[in-house]
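Okay, got some structures for you below.
The two complexes that follow have chain A in common; it is paired with chain B in the first and with chain C in the second.
== the complex of A and B ==
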């Protein structure tokens, strides 16, 4: 009988603001990866970029989102990327949101060492006591056969603030 | 906050954390990517707004033909 395990590979809590964070030399000994972030931007920019292996091509995604547009009114929509140069993950907590709140995002990447294209799913949301509260669900594909050995998170020309956190877990099926 | 944007790298094998300044090329690439992201999002939002406006116009025309709100909802959901 198999005994799946979830192991923390590494984590990073920013001691000072930074515009990008990279997990490099990711062990190739697990079956799947889980990435968790809790971040906040120092600008009014609602997304951040994820890339694998430093690659700037082959990212496909379909995003479903909702956010509060006004009291008792929600906007719901979709957004897609096709052969993009990075994966655009939305619902980051931005500078104009309530202070000391960070977003929550989790990405699941199965079979990250395989020679097939890499699929992933991601949920991301940004709480804000003053409205908006965007929530995004993302499904996608990195059209590349290389094993994932690094993951980079990058802002759009601004910074992740101090105490933003990044976690990388490995999942073993047995 | 540092004057020059910083990049942090965590080596998962060694645990070594490296912090460095972004290069000029990296800073320039960020600016380009930011503009591209903004353009892409604006285009998607414009498309969504047009779809919503078209749907509302179509529903109004159906109502003018005599369909009830429930009947319109039944064929447009």
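== the complex of A and C ==
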């Protein structure tokens, strides 16, 4: 019988605010990666940036979203990114949200060491119990054949607050 | 309480040539849930069946983004779950992945439901859906693939994982 997987590779919990976090030297011994974040911005960022291997080109994404603009005003929509310089993941918790609320995002990256382009799946949400409550469903592609060796998360000019967390897991298929 | 083994790879396959469908058979009933992960290219609609049942015992409900517009759809009494039914738009324009969760697959008293995500980053398509197989049998095989002949392309990988709750 195969061995259990979903191995924690590394994690970071911010002891002080920071504008970026990087997972570097990602081992090439797994098949898939799962990234989980729980973050909050100290300002009014509505999204945060994800990049692979420090690359600033080749990010494509399709986004399906919902949020509440005002009581009983529900919005559903869709948009895309094409050959962007970073992956723009929405539904970060911003400073106007109720205190102690952080976002909840998960990205699944199959075959991250392959020589194919890298496709991924991501969900990100920020339940606020007071309006907004954005939820984003993202499918995308990094149009690059390099194995993923690092992942960087960056705010849009502000900071992730203390106690924001970032987890990286590896999944094996044998 | 000691946790049981989880996210255990049950079987995996990398396609050496274009293939219509791939079947995971003799699935052990020792887990709580199953997760199927596909990474590759499918040149038509992506489909799924359980236990070789090709009767009209499936239904599904989904929402999707297609070239910037959000929409939804559903089908009832169909002979397979259409995981990626984008109004018959072929998915031939890029690498895609599909992640499918099948809950409580081994019980013999409830119909079997599943959740899936399908993502085609350059093909303007993502889809979120839920499917139902109206059968109480434990799932012991899963057919996954394309509704077009040889629609799954060489080099695509498909893996089945078992998830244990305890």
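Just so it is clear, the second predicted complex is superposed on the first by the 170 of 174 C-alpha atoms of A that agree within 3 Å, B and C clash if a C-alpha of one lies under 4 Å from a C-alpha of the other, contacts with A are read in each partner's own complex, and residues count from 1 in each chain.
Note that contacts are C-beta pairs under 8 Å (C-beta built on N, C-alpha and C of every residue); 3 or more make two chains touch, one makes a residue touch a chain.
All values derive from a computational prediction rather than experimental measurement.
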Combined model on chain A where chain B meets chain C, clash or fit: fit
Which of chain B and chain C A:32 touches, first, second, both or neither: second
Touching partner for A:10 - first (chain B), second (chain C), both, neither: first
Included angle at chain A between vectors to chain C and chain B, based on C-alpha centres and rounded to the nearest 10 degrees: 100
Touched partner set for A:143, first chain B, second chain C, both or neither: second
Which of chain B and chain C A:23 touches, first, second, both or neither: first
Contacts of A:58 with chain B and chain C, given as first, second, both or neither: neither
Which of chain B and chain C A:156 touches, first, second, both or neither: first
Partner chain(s) touched by A:79 [first = chain B, second = chain C, both, neither]: both
Smallest separation in angstrom, by C-alpha atoms, between chain B and chain C in the superposition: 8
Contact residues common to both interfaces of chain A (with chain B and with chain C): 77-80
In the complex with chain B, residue positions of chain A that touch it: 9-10, 12, 14, 16-27, 42, 45, 47, 49, 77-81, 85-86, 88, 154-157, 159, 166, 168
Of all residues in chain A, those that touch chain C in their complex: 1-6, 31-32, 60-64, 76-80, 108, 110-111, 114, 116-121, 137-141, 143, 171-174
Residue ranges of chain C touching chain A (in the complex, touch as defined): 5-10, 12, 37-40, 63-70, 94-97, 99, 117-122, 124-126, 128, 155, 157, 159, 161
Residues of chain B that touch chain A when the two form their complex: 1-2, 5-15, 17, 19, 22, 27, 30-31, 33-34, 36-37, 40-41, 44-45, 48
